[in-house]
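Two complexes come next, and they have one chain in common, chain A, joined by chain B in the first and chain C in the second.
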Partner chain A sequence: MKYLYLIFSSLKRKKLRTGLTILSIMVAFILFGYLTAIRQAFDAGVEVAGADRLIVRHKVSIIQLLPQSYEAKIESIDGVDNATHSTWFGGIYQQPTNFFAQMPIVPEELFDMFPEFIVSDEQKAAWLNTRSGVLVGRGLVDRFGWKLGDRIPINANIWRKKDGGRTWEFDLVAIYDGAEKGTDTSQFWIRYDFFDETRAIGAGLVGWYTVRVSDPDKAAEVAAAIDAEFANSAQETKTEPEGAFIQGFANQIGNIGFIIMSIMSAVFFTILLVAGNTMAYTVRERTNELAVLKAIGFTDLGVLGLVLGESFALTFVGGVLGLGLASMLVSLGDPTNGSFPVFYLPGSELLLGFLLIVVMAFIAGIVPALQAQKLQIADALRR
Partner chain B sequence: MFNWISQVFSVTQFSIRSLPQRKGSSAAALLGIAGVVAVMVGVLSIAQGVLKTMQSSAGESSAIVLRSGADSEMMSGLGGEDTRIISEAPGIARNESGPLASPELFVVINLPMRSTGTDANVPLRGVQAPAMAVREGFRMVEGRMFEWGLNEVIVGTGAKQQFAGLEIGSSIEVGQERWPVVGVFDADGGLSESEIWVDAAVLQPAYRRGNSYQAVYAELNSRDAFDQFKDALTSDPRLNVKVMRQSEYYDSQSTTVYNLITGLGTIIAVIMGLGAVFGALNTMYTAVSSRTREIATLRALGFRSGPVVISVVSESLLLAFAGGLIGAGLAWLAFDGYRAATLNWASFSAITFAFDVNIALLAKGIIFAMIIGLIGGLFPAIRAARQPVAQALREL
Partner chain C sequence: MTDNGSPSCLVNVSGVDKVFKRGSEVIHVLGGLDLEIPDGEFLALMGPSGSGKSTLLNLIGGLDRPSEGKVEVGGLRIDKLSDRKLAGWRARHVGLVFQFYNLMPVLSAQRNVELPLLLTKLSKSERKKRAAIALDIVGLSHRAGHFPRQLSGGEQQRTGIARAIVTDPTLLLCDEPTGDLDRKSGDEILDLLQALNKEQGKTIIMVTHDVHAADRATRTLHLNKGQLSTEAVD
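Now for the complex of A and B:
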């Protein structure tokens, strides 16, 4: 207890300096939280990707289509539990800046393949009964303020309708929520049967397949078997785990992880300088006092603990404030106004933040603490 | 007045001379500001690089024709007959071999990125002879041009650097076929450098495109010929097209990426800047408090408070300026010209670009540093000037 009191009173000594140091540490941790959420947004889906799911696409490029007949062939391969196809619709709602993904899929297959999309039974039934119906994620519904029953016009650049028109109208009949925080709720699912009979060209062609394997440990073998099945055909395939597929896509935008790591290192290096410098000052200023403490019986180790404790107190207050403010900022919504499919701060990253607090406090405090420990009473009192 | 100015000089000189006594804390503030500026300039140079690549792609009098409603080449589609009608429109410049109008096919092909080993959507462009003529900066830098009608490709310098397997002598796999790389070209830093080019007649059957194209790139007689060209095409009942100046087209392609990076970069810089302000305040308060008696002595000798404020602020500005200079210099050394690839959302394809640390950006960084220095110095300066002389002299 007496140590806590001593730490507290030495922090009170120069309130302004203590306050400023806490604020600069706080800023570092706000950035830590915010940048982590941004990185998370770019990697959206990698963490929640199904370990038992594979993506099968055209080997030459993702824009080339595969025959729908591949589904039965894939399902007959050993170790495949189920396969379902989706296609890139690539339409525009009102204006190009309102970008979001739309994809046709077979509804029953979606419910089976993606258990992370949670839909009420009533709305499931409504979607199964409405050919022009769509299932839309909660995030997207909120972004545009849609509600059940709305008719949503989408301008299709790729898929012209049989009547020559390019405006498709869909009925919003079902909304899904994510089972986890990281689930992408920005998707717009169209019924494949409606899509296939309405499009002017490309009947029977689909974009890619999602495959569920019965044993995730054998995923690599199954992937190889699928590619072997279609080798030397007109449409060869490339199969990879869902996580790798999403990661590959994120990598195309840039090495976001690396950029963010670099920024974060610069930030922490800077703040470490500020905090370390403050600690060095407090020790230098209080040489006399520390010597008195030693003279009245505090051990060397006790004095070391005192200085380190001060460093911990400063960093802890600043760090916790920063992490708290970061969570608040992140929960206010993403800075791009809806372009990120997910924007949140995962618990594991908060834990990492706490670890960083401890490490930073130690590095900033250890040198001055050792100096304090080594003080010779007689010398120090004379200064 | 003269007396006042000479006071400013002597006090400032005095405080700057005493800087070495406060090495530790001054260096911490200086490096802190350098870090902020380096990060800010570094992040913003990405946006500048993308913008520069897009802007240098468009000539003054060049236009692009897409299908009406399409926002990018990827989404567009034009029949072979449409492209013939477009080539004959008024306003198009001509050379000895015909009109400078280039119908082109635009698709992507998966190739691994060198940096991560994962696949990227590399643009693959099917061209006809006028494609080289409508791009002013186009020139071969290595190897040779492909032979028309053969399965040969040439690659842009950016594509060759960023994606694996595009050296001369290697080949790309397109379905059952292998197309050899026979040459490398550059295009004055323009967007084409991210691409692979092949004869359109070879690409059409490989991607089952029949006799269709996606865009027509045209070189006009002059900048002013654009309206005539646009009116002729949009009023032609046989066509359903959208005509844009290339500069507008590339602007619209780069806004998303540019705004995203600039927005995020600014948020990060402001938050970091706030941290640096706290650091600078700390340093300057410490500097002032360690010189309390000194400053009080000066005031007792008759120095006015104005020069005292200015001397503290200029010390802080000096530190900030040095920090800004170091930060901007580091960013310039580390990032300028650094090549990377990103995804152009509009066309769903990769673009390669070089980070661009330009003068305007460096100036921005240094100004930002000075603002941090000004705020960091002002409050401590006011406190120094306000302290009652008698009390301050008595302090330890």
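Now for the complex of A and C:
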């Protein structure tokens, strides 16, 4: 601790250079934090996807519908615990930029299939008793400032009503929270019976099935059995684990994880060069001072420690500021205004950030520190 | 020619050679040099440039090692110590005063003087107290909070002397301490060194080109072509 003032005083030697280096490191860690949150947003659905859940969709395309009658057949297959269906509503709330997922579902089956949705008993009952009622995630409610009892109009692009109208009105009677941090609370669940009775077309057809298997280790076998059941029918199916289904959507944009990793690698490599250059200059222009420290009794290891200490101080200040600012920016919310189901910076990634600070400081400082360690006092004092 | 001191000898340099290699060139700076310095002496080392004065000072201060021979200070063969132990020995026994002061520009006078005390087990308050005493001895208590850039040359050198004496070292080694100062400031520094020698019994070895400075010492030796004598060589 007593050497701390010596370390920080040395950083004040060239304030502009130190400031710019800290700023570069800070920017690198802001990028790290924010891009990590974006990567996390793409992966979150995959991470919390049930290991015991499968998605059954039309073999040709997700936009092709399946008969509701498939549900009973799916539930009769060995290894299937239960099944429920959902459909893409695809409506617009006020304007197209207010995107969020709306899906009709059988309420009782939703609570059974998705135990990660936490709803009070009172609101569950309210939804079950209100045909036009909707269950909405907390994230979505907060986004638009809705409250229980609100009437929410949705303009349907796909599902015209039997009366010819396109505006569907729903009553917000229940709100769900996520059991885990990564649970998607941006969804808008409509009662299937209300939807099926009101829509003008597609009666009895649904978008996809979510299936719970009794034994997750046998998920592949059950998936094959389901597809085999409907092989050679008018609507053949493709069954896959829920995680893979969600990953598929992200992959349509690109390998997000790889893209982000590549960007971050380039950023950190560049910043490492900047920090390393700063440390190299710091030692080079202080050869005489370091020699004096050795002359008055600082050991070779002591001088190495001081130089490494400076590198750590520099990187730590920039890194902590960067991670802090990244956390603050992430807390401002989803930059896409609703496209991400979740948007946060996990604690594990913050820890990784701190580890990166340590590694970067070491790599940037070790060569100049070793040079300082090896300084010959008599020679260096002459410089 | 060697000079024999009194029986209570603090520094004993015996048969010392020092050779430097610069690429393929080999430079013999000191050759078979013998020197005894009694405790409490104020010794001035004079000689032309390149005669080996600073080299000899570095060997006695443990800043360099002889190519041959032995260097004993206080009965300890410092040329045999490991680098780590030599550093520790310097911290306890050697105070260094440089021609160009070599203060840390980012530290105040007080903090500069405290630097050698960081290597001790003294508490923060004790370090501060001792540094204050050292600054008082050199007459700079009122400038403790100032940085080197805010001090004159003479004040910086006095700060350097305070740093050198703060650990109460056995030896004070001064390499051209007045070399960068005007006459008046130089005289003040020499007054201080003389006072440390006479009043506190500090053993001082001072390298200098200045005859006027050498006159302040109790003994002057001349170094020429790696050999010591009591008389200057023209």
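Here is the rule we use: the second predicted complex is superposed on the first by the 361 of 383 C-alpha atoms of A that agree within 3 Å, B and C clash if a C-alpha of one lies under 4 Å from a C-alpha of the other, contacts with A are read in each partner's own complex, and residues count from 1 in each chain.
Note that contacts are C-beta pairs under 8 Å (C-beta built on N, C-alpha and C of every residue); 3 or more make two chains touch, one makes a residue touch a chain.
Owing to the predicted nature of the structure, the values given are computational and were not obtained by experimental measurement.
Shared-chain residue A:Lys15: touches no atom of chain B or chain C.
Set side by side, chain B and chain C differ in how many residues of chain A they touch, and the one touching more is B.
With both structures placed on the common chain, the touch criterion links A:Lys147 to neither chain B nor chain C. After overlaying the two complexes on the shared chain, residue contacts for A:Thr299 are found with chain C alone; chain B is out of touch. Chain A uses no single residue to touch chain B in one structure and chain C in the other.
Within the complex formed with chain C, the residues of chain A that make contact are 2-3, 5-6, 9-10, 12-13, 288-289, 292-302, 376-378, 381. Contacts from chain B toward chain A in the complex involve residues 24-25, 27-29, 31-32, 35-36, 38-39, 42-43, 46, 69-71, 74-76, 107-110, 113, 115-116, 118-121, 173-176, 207, 256, 260, 263-264, 267-268, 271-272, 274-276, 278-279, 281-283, 285-286, 340-343, 345-346, 348, 350. Interface residues of chain C facing chain A in the complex, by the touch rule stated above, are 55, 58, 61, 63-64, 83-84, 87-88, 90-92, 94, 96, 98, 102, 104-107, 111, 115-116, 118-119, 124, 163.
By the touch criterion stated above, chain A contacts chain B in their complex at residues 16-17, 20-21, 23-24, 27-28, 30-31, 34-35, 38, 59-64, 90, 92, 96-97, 99, 155, 157-158, 166, 232, 234-236, 238, 244, 247-248, 251-255, 259, 262-263, 266-267, 269-271, 273-274, 276-278, 280-281, 335-336, 339.
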